[in-house]
Structure formats: structure tokens, C-alpha cells
Amino acid sequence: MTFAPRLTGSSRPARRSVLAIAALSGALVVTACSPSTTGTSGSGGEGGDGKVTLTVWSWRVEDQAAYTRIFDAYEKAHPDVTIDVKAFKATEYNKILATGLAGANGPDVPQVRSYGQLQGTVAGKSLLPLDGKVDLSGWDDNVVASAKGKEDGKTYSVPLARQTVQMFYNQGLFDKNGLKAPTTWAEFIAANDRLLAAGVTPIAVGAKDDWTLPIVHEVLAAPRFGGKAFQGEVLSGKKTFTDPDWVGSVQVVGELAKYMPKNVTGVAQTDAQTLFSAERAAMIPGGSFDLSVFQKANPGMKIGIFQVPPAPGSPSGSTATTAGWADGNFAVSARSKHPAEATELVTWMTSKEFGQMVTDDIKQISAVPGVEPTDPLLKQMSDSYASSGSPYLLLTDFRYGAPSGTDLLGKGLQELLLGSKDAAEVSQDLDAGVKTWFKPTA
Amino acid sequence: MTTAVVSTEAPGEASTTPVAPRPRRRAPRVNRPVGGAGAGVLLWGYAALALVPLLLMVSNSFRSNADLITDPLGLPAPPTTSSYAEAWTTGNFATYFGNSLLVTVGAVAVSTSVATMAAYALARARSRIFRWLESLFLSGLMLPIHLAILPIFYLFDGLGLIDSRLGLMLMYAASGIPFSVFVLTTFFRQLPEELEEAAALDGATSWQTFWRIMVPLVRPALATVAVFRFVPIWNDFLFPLVLLRREDKYTLPVGLTTFFGENATNYSAVFAGLVITTIPLIVLFLVATKQIVAGLTAGMAK
Amino acid sequence: MRRRTGLVFVAPALALFAVFVLYPMVTAFSYAFFQWQGTTRGAFAGLENFATLFTKAPFTTDLPRAVLHNVLFFVGTLLIQNTIGLTIAYLLHSRPRTRRMLQTLYAMPYLVSPIVIGYLWTLLLSPTFGPVNTLLTGLGLESWALPWLGDPKTALWVVILVSVWQWIGFPVLLYGAALGGVPEELTEAARVDGASNRQAFSRITLPLLVPAVGTVSVLTFIFAMEAFALPYAFGGSTGNPAGATDFVSLLFYRTAFDSGAADAIGSSSALATLLFLLIFGGAYVATAVLRRHERRITA
């Protein structure tokens, strides 16, 4: 008869069939190979002449050419090794990596996430421990932490880059309005007011993309909660995110909202970057990884950076800071057919030679100690981190469980900017969220 | 999801069929357009709304990137085709294009063929087991197949089908079966059984009857099913993303994501890439609409 | 048709379907009943993974909200799409000359991938560059120039409306075909009896369309419960802003691939199973209701 009844008529038998399927599934599960029992089958092919091909995966599509250049140098020094670099879109990379590490044709040397987001990969025993093979002694503690398994304390990857967050500003627009990089909060606010009066958006923020907001919070308000000192206290359990200083730091973002684009929660990050590149906004909080984006988008624009000075009410002794973390780490897949060669490659990634190429070709701050960035702005970022750095707390310490600190604060700050929650409530939510999995050390 | 979405359309058309007791084709004596000129304006206005974003995509693809950044919505004056040259040469679109065509056409052909055979049997066989099988196929309409991405990956891994366009094609073919069976079964049910009885008297085998008599009769429905399966497969990027590794095997949408990454700030190249991926569908659709509409109306009129 | 012949005809489809759809789906469901460490399957876990969905953060807040959004998406899409679709189809029915042309134009957005649709509409609705708000301001409707995708109050509705916009070609085509199936004699007779256009439509035509509307509803339900591509293109995997455009499929995606949690496969598979049960149950109830309704009409 009519179609709808057809569908109905078939629903009852369908229910029976589903039961049958469920019964069958038991049998199927037994015969199904569990994903992890599939035999090792790394992608590295072996030529007849004993040449080894190592496959490297990265989420930086924009850097593929640079990586190819860098690995050319390695191939020259290691004639038996060919390196095949493959880059995937960053937003899809997690999915690709999850399957790549579990099955055939995967990478030998994958780029892996750092800190908490590395842990799932480690727990699946997808990576080879590198202890005793790579030497990270003398590296920044915060950087080394990015590469370790939380449970077993072993090293599973080699950090590629140190990322820092800071305020970028348009020097031309600042000059035109008689402004210079502020060193006190009063100067910072005065600059904002001057720019606003001149019809320029003072601070470009893309609050539609929640992941950008914890970075905005770090840049604008890290001194307000106390930077590195607060990290120690919150990790030991002496303080929580409901601490008045933390609430105050969240409040700073809310108070500065008037200097951000109108309807800021509707502005995407790409819009915010375009506002800055098109010289319609004078400042943008961003990461060291954004620098090359701005330089490419508007080569004629003169860019500067500064640390936002401490907001009023900051704990005594609190100074302007540059928050940082490590990422882009490379690891060795447990399924690689050539673990020795792959390990040698990641060991080379701890060398100054590699580090220098990373900073020159990829325009990032190398994680290798002692490597000096050639780009003056990158060097300034690197120096600021060295002299007055702090960890980007929510990323480095609060991504070891779900919900993660960055996710919670990102969403919370959107609610703050929308006016649906105040700073105390946002902090309360963050505290309650991380408490579901976070255990203080003391 | 795609399967179900697509089905919003065709099965519904079937549903009205039986209710209508002997329709008169169209209404030859429609006196005057309902709603008059006002409604006419509304209809064309809505058509504009349907097209504007697409026109924006085309228009922006003919502008330079510098132009786009300062004014994202201006007109292409003067138009430039450099972004197409760039997309086509640096983006490997020729390769992706071939792969997409191979996978999509193959999947639609396989899916439609096996589904037509199955639908015929389901419509005609009386045994209980066929009711059961029909329910099984229909339950496939409710399976959110993209949530099974991990098991599918492991299956492909086990079968050695990673990096195989054939594997991807078979996967798409399989995922289209519930929808195709759903639609085609209805169409076969509407055909009078006397047709086969006559054929049997003439000594035709089941296969001959099916192939020579029944299939030609459901041709409009086949066109409908094929086109509505074609679009989601052509646009899908989840499965090729996970199941293909080598760039020379990529389909257009995956190639596009890579291209997006490489040209994150080169908007005009991105728009050119978007146009290149969309054009074939528009052409296909324009060519096929006549068939589809005929298919739908034929379904009604039975 | 003989049973043996029938089975031969069904076999190829069944084989493909079983290997590439049923088997992976059933496997996915089976994953939900085990403990997981990354991609390594551990011991049988019973309903533990399901319990997680109802007792642990972030599921306790995210899951009910996501389900609510799926339901709103369904109701909104159904009401708006059916109303607009039916209206357009009805208007087109009396315009045979422009019908084909307009039907084709309305169906165009369907051809473009949802990722691209999301990208284009985000650009159009952007509060900084978007022409929509510029236009509204120009028309003196400044208070209407909202941050469409930036406000939780409007974002979900934007997703719903754009989805309707993308799929409207279907109800138009479909109801057009259905209207073509309504015998002219019936409406003609009603008019002779003194019924107005509107009366003829609501008393004669509409009831005859009920089965079509019913089937569309069931399929819209399945579509809405599985919604993924468009919300992902608009709000990313976290359902920006502030979770206002979060859906069950997005939650699955986050849990499976972005959480980094060691037991991600277990809880995400439980979520997939739950979603299937929701769809199956909903479709079952909906068809039952429809059938009763139809019987009343035809009786």
C-alpha cells in the first residue's frame, strides 16, 4: 500500500532482525580481529638495494615544502634512508593519526600531540619509548613534560617547537595614533581608548572559535592570576580555579570586551586575523605560530609584539609574562618496520642542526636549547619566554582528562562575553569540570 | 546520514502514489496562477536566495586574493582567472578529479545494479524470508554509518584495502543499498504482475524477464536513485580521508582539504577549488533533472 | 518468483551490505561493551561504557543538551521545510511554464557539499564582513543586525534554516509530484460546490498529501538525528558558540577523536549505539502514529 505503512509494517520484523543481529554479533566479535591484533605493517618499504623508506606524518600542510627541504639534508647524510613526508589538514589529523597508528600503511615517524592529548596514544601502546635513545637533558622542563607518558614517566616523543603567546600589534597604526607598546596597564588602556576614538578596532578577537579564547585569556590576563606561581599552587591543591585572583583574571577579559569587535562571539578567528591583516584592527592576541600567517597575508605591514602589563589587582610581585608550551612533537610508531632508523631520525631532531632549520624554514621557535631564531620577532618571543616565561597552564597541565581545562574555559569565556555568566560562574564551572578527573599532587 | 537525507525525497513521492486513485496527468486547465503576481515575485525571490551564495563563490573565485582580503564581498572587476590556473596546477585537481569520477561512478553503478536486482526480488518473491531481508535492508537507513568509521578502517586494514580506490568504491556502493532498495522496491511493486506472466508464457527466464522487461520500465526511478546517490558520494570526505593515504589516490574533497590547508590565507584559490569541485555536479544535475522529474511523475501516475 | 531465484537476485546486494555496512556497524556496537586502552581492547565491560554516558562529565551536561538540539533540529526542519516546501509546490503547480526551471534552481544548493555551504554562510552572516548585516543596517533595521552565528539564541536556528535552504528542493519536487497525483476532478467538483481555492486545498488536497508528509517526517527524523556535516561546518566539533550548536554526532566525534582519553573508543561506541537506538525507537513510534492517523483518514 502506501509507503509509510510499508515502513511501519516492516518495523516489527525489523525489530526481530535486530535481535538476531545482536545475537550474531557475539559470534562475529569472536572472529573479528581486534584492531590491535592485526600484524605489524608499517608503511616503510624496502628497496632491493637495502634502502629504507621512512614515512613522516605532519598536520602542517603549509610546511610540507619546508619539511621536504629539511629532510633532504638528512637524506644526504644518510644515503640509505629515504624520507617521505605527508601532511594532513590539522583539523582532521587526530582522526587520521588514530587510524594510522593502528593499521597498515601508517607512518614510521608521526607528529603527535603533546601533554595530555598524547596520553591516549601512549595508553594504546602505539609509540615506542625513547628513553636511553634520545637525550632531553638540559631542555626546558615545561618542554620535556610535553613528550612524556603521565603514567609511566617515559619519554615518547621529541618536541619540535616552543610556542609562545603574546600581543601582536600594527606598528604603523600605533605610530599614526602617537602610541607605543604599553609598559603599564594605564598605558595599555589609554592606547585602547585612543584607537577606539580613531575608529580602529583595538583588539581583534575571534570568539566564535572557542579554542582561541583560553589563549586570549593568557595574553591579556596571565599576570592577574599570577602566572607560574599560580601553576605551582593549583597543582599542589593549595589553590583552585575559584581563587579570587583567577576569577579576577577572567573578569579582565570581560572588561576588555569593549575594545574587541562588536558581537565578538560571532567573529570567527579567520575574520579576526583578516581584520588585523587588513589593518582594521591594531592588536591581536596570538601564538608564535601565527606570525608567518600575518607576514604572508600582508607583507607590507610592520608587526611588533609586546607582553600585556599586569592588570590592577594582580598578586604582588606579578610581572608581565609570556606563556608557552611545546608542540609538534615527533614520535616513533610501534608498528614501524624500521624502528632503528626511525629512532635515529627522531634522535637527529634533538640536534642543533635540525633546530636551526626548524626556525629558519618553518619559522617556529625550535625546542632545541641554544638555537637562536633568525627572525627578529621570533627571537623577541623566544627571549621573552626565556626571561619571563610561564606555562600555558590550561594546556600544559589540564588536558590530561575530559573535560579539558581549555575546552571548559573556551566555552566559559564565550558565555562571559555573551553576558550569560559572570567571571565567578565561569571559574566555578572550570573548577567543577576539571575536578572530575584532576587530583592535586600534594 | 547522507543516505537518509537523500531519501527525504524519492520514497515520499512513492507514498502518495497509491492514495491517488487514478490521477489525471497534471492539470491542463489550470485557470490562472495561484497567488497572482505577488506569489510570482516571491518564487523568483526565493530562487535568488537559493543562488546568491553560490554566485558569491563563483564571483570570488575570479578575484585576486589581495582584493578579497580588503573587501570579501566585492565584485570581480576586472575578473582574473589566475586562481584557477593556480588551483589546477598546484592543487593536482586533475588527478583528484579522475579518482572522484572513478569512485563515484563505480559506486553508483554497482550500488544501483545490485539494488535493482534485490528490489525486484523483494517486490515479487512471496517467501517470508524476503520480508525479513527487506527489514534488514531498511534498518540500514537508520544506521549512522559514519559512526562506524573505526571498524570500517580495521575491516579495510584486515582485507588489505587501505589505499584502494576499489575498496572505497565498494564501501560507498554498499552504503547506498538501503536507500536504493527502499525506492526501487516500491517502483517494482507498482508494476502489474501480468507482465511477467506474459513473459513466462513466452518462455523467458527470470533473468530475461527482469532485464528485458522490468528494468526498462523502472528506468526513470533508476535515474532518480543514481543521481541522489551520486551527490553525497561525490561530496563525502570522511571515508577517503581515513581510508586513502597516497595523494595520487585522493578524491576531490580530500584533495580540497589539503589544498585548504596549503592555502589557508589564499581565499581566491580556495574559491576556485570549490568551483572546480562543484561544477560537475551542477552539469550532471542539469542534464538529469528532466529524467528525475519524469521518474517522480511516472511513479505518481501508476 | 521462486524462492531460490529470488535469493540469487538478492545475494549480491546482501553480500555487499553485510560486509561493508552491517558488519562494521555491529562491530561498532560490540566495542561499546569492552574496556579500551587506546586501540587495545580490554576485558568485557558490560554496560559500564553506557553508565559513563549518564554519570560522568562532560556527558552529563553535553549529552542531554545535544539530544535536545537534535530534537529541535528535527522539529524545526520538519515544520519549516514542510510549510515552505508545500507552499512553493502548491504555487508552482499552477505555473507549469516556469515550474521545471524553478524546481531546478531550488535544488541547486543540495549539490554543494555541506562543508562549503557552512563556509559560505559563515562569510555571509559574519558580523564584521557579512553583507547580510550590512544590508539590514542599510534598510534601517539595525536592531536586526544580530551576530547570527555568535549568539546561542540564534545560532541553532541559523543551522536549521540553512539546512532547510539546502534541502528545500526535495519537498518541492516531491510535493509537486504528489500534487500532480491529486485528481483534478476532486478539486474541480469541490469548486463547483462553491468551495474557495483555500477550502479546496485544505479539505481535499491536503488530506491526500498526508502519506507523503508522513514519510517525509520519518526520513527527516532520521536525517535530523544523524546531523553532522552542516553543524560541523558552522560550529566546529565543539558546537560553537558555547555549545549552542552541539549535536550527538559531534559529541561522538569529540569523544572518539579529540578527547585524547584512553577509553575513547568504548564511550564513543556506546554513544553510537545509543544514537542508533534513539533513531530506531523514534522511527518506530513515528510510523506507528502515522499508521493510526492514516487509517483514520482512509476509514
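Order of writing sets the chain letters: A, B and C. Residues in each chain are counted from 1.
The rule is simple: a contact is a pair of C-beta atoms (placed from the backbone, for glycine too) under 8 Å apart; a residue touches a chain by one contact, two chains touch by 3 or more.
Remember, predicted model here, so these are calculated numbers, not experimental data.
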Most distant chain from subunit A by Cα centroid: B
Centre-most chain, if every chain is reduced to its averaged C-alpha atoms: C
Leader among chain pairs (count of C-beta contacts): B-C
Separation of mean Cα positions, subunit C and subunit A [Å, integer]: 33
Inter-centroid spacing, subunit B versus subunit A (mean Cα positions, whole Å): 38
Centroid spacing, where centroids are CA-atom means, of subunit B and subunit C in whole angstrom: 17
For subunit A, residues contacting two or more additional chains: 2-4, 7, 11, 18, 35, 95, 98, 102, 274
Residues within subunit C bordering two or more other chains: 22-23, 27, 129, 211, 214-215, 256, 280, 283
Numbers and ranges of subunit B residues touching at least 2 other chains: 11-12, 14-17, 19, 72, 136, 139, 150, 154
In the complex with subunit A, residue positions of subunit B that touch it: 11-12, 14-19, 69-70, 72, 131-132, 134-136, 138-139, 149-150, 153-154, 156-158, 160, 162-163, 186, 241-242, 245, 247, 257-258, 260-262, 264-265
Subunit B partner contacts - residues on subunit A that touch it in the complex: 1-4, 6-7, 10-11, 13-14, 16-18, 33, 35, 38, 43, 61-62, 64, 86-90, 92, 95-96, 98-100, 102-105, 274, 277-278, 293, 296-298
Residue ranges of subunit C in contact with subunit B within the complex: 1-3, 5-7, 9-10, 12-14, 16-17, 19-25, 27-28, 31, 88, 90-96, 98, 100, 102-117, 119-121, 123-124, 129-131, 165, 167-168, 170-171, 173-174, 176-178, 180-185, 197, 208-209, 211-212, 214-216, 219-220, 222-223, 225-229, 249, 252, 256, 265, 271-272, 275-276, 279-280, 283
Touching residues on subunit A, where the partner in the complex is subunit C: 2-5, 7-8, 11, 15, 18, 21-22, 24-25, 28-29, 32, 34-36, 91, 94-95, 98, 101-102, 113, 116-126, 207-211, 261-268, 271, 274-275, 399, 401-404, 407, 410-411, 414-415, 418, 420, 432-433, 436
Residue ranges of subunit C in contact with subunit A within the complex: 22-23, 26-27, 29-30, 37-41, 56-58, 122, 125-129, 146-152, 211, 214-215, 218, 236, 238, 240-243, 255-262, 264, 280, 283-284, 287-288, 290-291, 294
